[in-house]
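Quick one: the structure is below, and I'll ask about it shortly.
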């Protein structure tokens, strides 16, 4: 045994090394991207967040001043947080429910399924195109189609949803829900992976459609729900384009659609306070990270993984 | 799997009719804004906002002509630019993200969960925060005003979303198959190319379509990195129709928006079958 | 106790017909076993009865009521799936209680039933585990437990024991028999296993290519198989089919030639071409004084099972033949053995495979 | 290749029409200066993000376009080469409208070159006035007259969702005219605001009462205005008048079925100050990092002084500041352009001095103060007095940073 | 032909020990069968040998070289998986050639080998199909073919036949035996099928709870099981374990009391408590003149297998007992049968379950 020990250890090291090498080999594009494209800029932004830095000026170290200001004396930060949390807390669940509901409807084997699927994906195709601004005004303005329909059906004279500061955020939530296509596609794929015999076993067990849905479909879909929820939440916190396009970058009316990233953007690109904007960015990262960590922790209790 | 296998017992005709009605109603509501956009692209400029009707009073393709030729570079050229960038992005994302996802799901190496957490972390960073440092970096590389800043990062798996997505689906491929390949003497590379990738066509198609569409729709990166009009993408072209202080050409914008959606819509229709098909595995017991 | 009646049941997938019209009446409380080669439609038939697969043609009645259009959930049937189909996200306990909860049974009653079934199947210790933490055999038992707890009127089993080890298999088989005796439910059972089929069945139904070849009690099937297919399918090792020719005929009596050995039988009338003699390996004896001599066999390969010795070999005319001998016999390859058999236990099949009733002359 | 081949990047925002004209001038310049190549870059809505990024990255285009509201924000941060050394030498100033360079001066230096002139104006739908028999405002119309006119007009139109004019409380330029008429200024030479709470309160009070009496559009209609031509209530069919800039007439007309008339803003007292002045339409600046500022200056000279170039550019950016070019351009104009051109000419006797340069921080004020305060007022969240208070304190806070 | 040596092999999942130190030397060309109850660690042991599962403790040597840290690909081992694990996206041909292509074998050589293997396994016609177009049995053969083509020194099989029907099972079993005879590779085979274990093995290794209970030739295991576990595990129906007490002792000779019947044996020394007598059901005879009388049995339940009759019943003292009788015997429940057995075929186990060598006195 003693004699054999030396060569064995070499073999041992080599196979282990090779395993690690393979792992890092496959990860290398990402690693390279991470170190070159992300880490450097992220680090410099972290540094800038501790400085006062404007256009054409050298960064000036101010320590935690920016963070202090955010925490204590920035009313617009609070406004932006308000708007963003409203958006996240409403748009994510709504979009999830909507995407799931449509995915389930479409999973029933309706004739012409391909077309419906494509139609439901259409709104997502338009992305953050500038055309959205016009379309949304057309639907949600005082004389928009929504109010015309409300008038015709219920004789209800609606406000100008998009212009009224108390309703404008909901038009953006509606936009988010409208573009549910990608989540729907991912849900559809997830639904297809649920083995058919699960439903057979459940129907033999006497379970009707709703019980099958709640006891089989939903639990087995939890990994996909989890995935979508995490992605949607992160994206919703970072949402920028909808408000940028629809309010033309102002976050108006009266800051009612001042998304966090929009505020960050204004600070950086119209007010040239790059340092402060960087601090805002890292506060956002911290908030998202907390949310994501929470969801990963909670996943143990409600997400079912098969492997 | 065929489209109709899901209802083993067949639902009642009433339920079916209800499902149809629901789907139809929802799809009309959803489509209205887009229908309006398409119909407005055929209206003269001063009719666009004066009516909510979906049928143009005066039918004209003028907006298309204005839009297509209105800029010093034809819109067709921008379509070409967009296509090149989007295709390269697709290739880049598929290659680099699937590699990363494979490493995260199937390979054992030190620091795996650490890198995984960092990978998730990169998803949380708002792009505006790193925009200027990134710009400086690409400027130093001499890449500004080329498509490299738009394309090279995709080859470096910058879109963690796709890694995450692929991880979810790779997990559904039975480990038995990897192990069988290991017994067949295959190393990680061969397993990746010959087993994992061929079995992942649905998720690869999904990633391909998503990344094509998202790259196609992206305007911020092209805006920042492309300077010459000849290099503009379709989305950038669209944005030049909207002008903060002068007059916007809404007709041309709507017309070109319609045209911009068309290719990706066709792409989607062609690929959608692949997108949602489950992973095909052996008809294994257990 | 419920009766089932299948009348002209058919199944097609698109243009391909899988089941070609099956007629079968199952008495209340009867234990019916389906056997047949892989792909013959056993599972399909079971699934049509369960309501998991639409019936293409014919009628299914349970307790007299037409069931073709009734949903699976409402047929009052329990089923053990070939793939187990355990709910991966539920514990073993939950897997078993799911059906009972669906029926809104009181919690205490559920607990009682689940624990009782778990005890029977020796999975009490596993109740908190998830299916993925179980070995193949353990999963199978959970699947059986899930059916048992519901105490239904009709049980369907699709190869429920195929992954169990010998001992458990015997145990579970006995449990199922006891279950049947206790609750008297009607049971339909698909299996590949000869012993299971023979021991459990009130009636065995032999399927082939979507048709019933024969239905009868185990011993009927064993002793008087309707045709060569059934004869070959039931029994392991398989019945030896030996080509024989008609050598001579004297009134009722016919002399058959088996590789040179003459056998006198009665009952064969016309069409003497393509006859074959069926002898089960366990009915062959070696070097015995009793029985009719069948000639010599050259042993080529010997398997020792402990309680039995299986000798593989061939007759003079190189026809292969297998003999199962009791106990541990020392036979070497190349050895020549004198075969005997009781002609009463042999069968003659005509060229069409039909069994011809013969008596030794 | 050419030994002296030089590339020069030119960056502007605007309509495709503007791009066409600008590039044509660039080609003309290239023809006159062999070896020079001008690379045009057009920005749309996102011009400012891109410009900022390029400036921050030290990769700004040699020449870029600025608008008066943001001019000082860029000029004040030293992003541009001062033009003083080039003025009168490379950039000929002899035929320019006298004093125009004040429009490009920040902190005593000429930071950018004004390209054109325009002035505040009141645009109106001639048809609406003809139909209702009301008289369009003119030099003798006071703010009070205007209020009465608006209320009458709304009534006379009698259409739901249509008012006389947009709620101009949020337009800093309208406020500026209002202030100048009172002998105040929007911004003083000291880089602070040139008015007090009382002025602001009066301003807001005027619009509050006009809105209350139905003279101007509702808050919801006004809120959708992004301070752009096509989002203006008049363009959207909610009003028949708009307070805007003279050069915008062309664009407004394109969105209207009826002929659009142009006139001066109402005044505080008849015969008093008009509140109008010639202002810069747009600026061109030479980037601090430009490798060859001399060449860039040469281009600027060409752009404003060359008659052929002027003819190509027309009045698309406003009325040319070179008087020769003005004369040359006049006959080439169509009817609508001419109306706008004539208006600018016609108020020559009516305009006041050039204003003080807008201070650094003005664009932040534009973005988050003027519009927000006016909207809060319009939506009834605050009173006119509170609005005045808020405007002054917010402006002071931002400008003194 | 390669030897394997397992020395103190251990496996734990976290804190749970699954394999508790296995020592086993396998000769070059030997055919070793692992049997044991479900969950005893058979698959785990196989996977450790294959290199799919890290070895927690102990040493694995193949052909003398330590293999613990060598990757699976380099151990020169082929494995047939319990789940087949065919590559669903490749044709049968590709499935079989994959390993050879991995080894960069010339195309012509690959083709030769694949076709040869396909011929052996009778799947030549299926070479162009995808796995999902195959029946269970065909898939199994492809899985075996995939292992064969690589011509490895060591084959591992994990319950390869469990999904086949009786006939196919026999066929494939014979093919595997032939394969072993032809290529002479070392083979390790996991099964829960008694017949497979007995017929294929050069040596059977009986595992229980992660330990080896006994290793020996099939007949050794059958005839001289080391302990009560092995005795009970091998053989179906299971060996009867009958409680006996020591009634008297005269020098070497001891009289045992089995439910009132006296049996005289030799070879039992001290510790006479908790003895039990093991008799296989097939060694019991009924109403026979030969053998030692074991007393009377009351039949409670009878199973007719056609070739055999299994009688379940109990002795006078209500101890349950099972007897397998040859042929179809008509025994009714409640009937009393006189049991005899050849004492030479019986075993005595002490309280600890160890077999005590006894001779009839």
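Every chain is named by a letter (A, B, C, D and E) in the order it is written, and numbering of its residues begins at 1.
Here is the rule we use: contacts are C-beta pairs under 8 Å (C-beta built on N, C-alpha and C of every residue); 3 or more make two chains touch, one makes a residue touch a chain.
All values derive from a computational prediction rather than experimental measurement.
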_Touch-network distance, subunit B to subunit D, counted in steps_ = 1
*Which pairing of chains gives the most C-beta pairs in contact?*
A-B
*Can you tell me the C-alpha superposition angle of subunit C onto subunit E, nearest 5°?*
175
_For subunit D versus subunit E, what separation do you get between their C-alpha means, in angstrom?_
94
*Where the centres are mean C-alpha positions, what is the separation of subunit B from subunit C, in Å?*
56
*Could you please state the distance in Å, as a whole number, between where the Cα atoms of subunit A are centred and where those of subunit D are centred?*
39
*Which residues belonging to subunit A are in contact with no fewer than two other chains?*
130, 143, 200, 203, 248, 265, 268-269, 274, 306
*Out of subunit E, which residues touch more than one other chain, so two or more?*
71, 136, 163
*Scan subunit D for residues touching two or more other chains and write them down.*
44-45, 49, 53, 56, 228
*What residues of subunit A sit close enough to touch subunit B in their complex?*
19-20, 22-34, 36-38, 40-42, 44-45, 48, 102, 105-110, 113-114, 116-131, 133-136, 138-139, 143-145, 148, 178, 182, 185-186, 188-189, 192-193, 196, 199-200, 203, 223-224, 227, 230-231, 234, 237-238, 240-241, 248, 261, 264-265, 268-269, 274, 277-278, 280-282, 284-285, 288-289, 292, 305-307
*For subunit E, which residues count as touching subunit B in their complex?*
50-52, 71-74, 77-79, 81, 83-90, 98-99, 102-103, 131-132, 136, 139, 146, 150, 163
*Residues of subunit A that touch subunit C when the two form their complex*: 195, 197-198, 200-208, 211, 215-216, 219-220, 222, 304, 306
*Which residues of subunit C touch subunit E in their complex?*
37-39, 135-138, 162-170, 192-195, 198-199, 218-219, 222-223, 232-238, 280, 282-283, 303-308, 310, 324, 326, 328
*Which of the residues in subunit B end up touching subunit D in this complex?*
45-46, 49-50, 66, 70-72, 131-132, 135-136, 139, 144, 219-220, 223-224, 227-229, 236, 239-250, 252
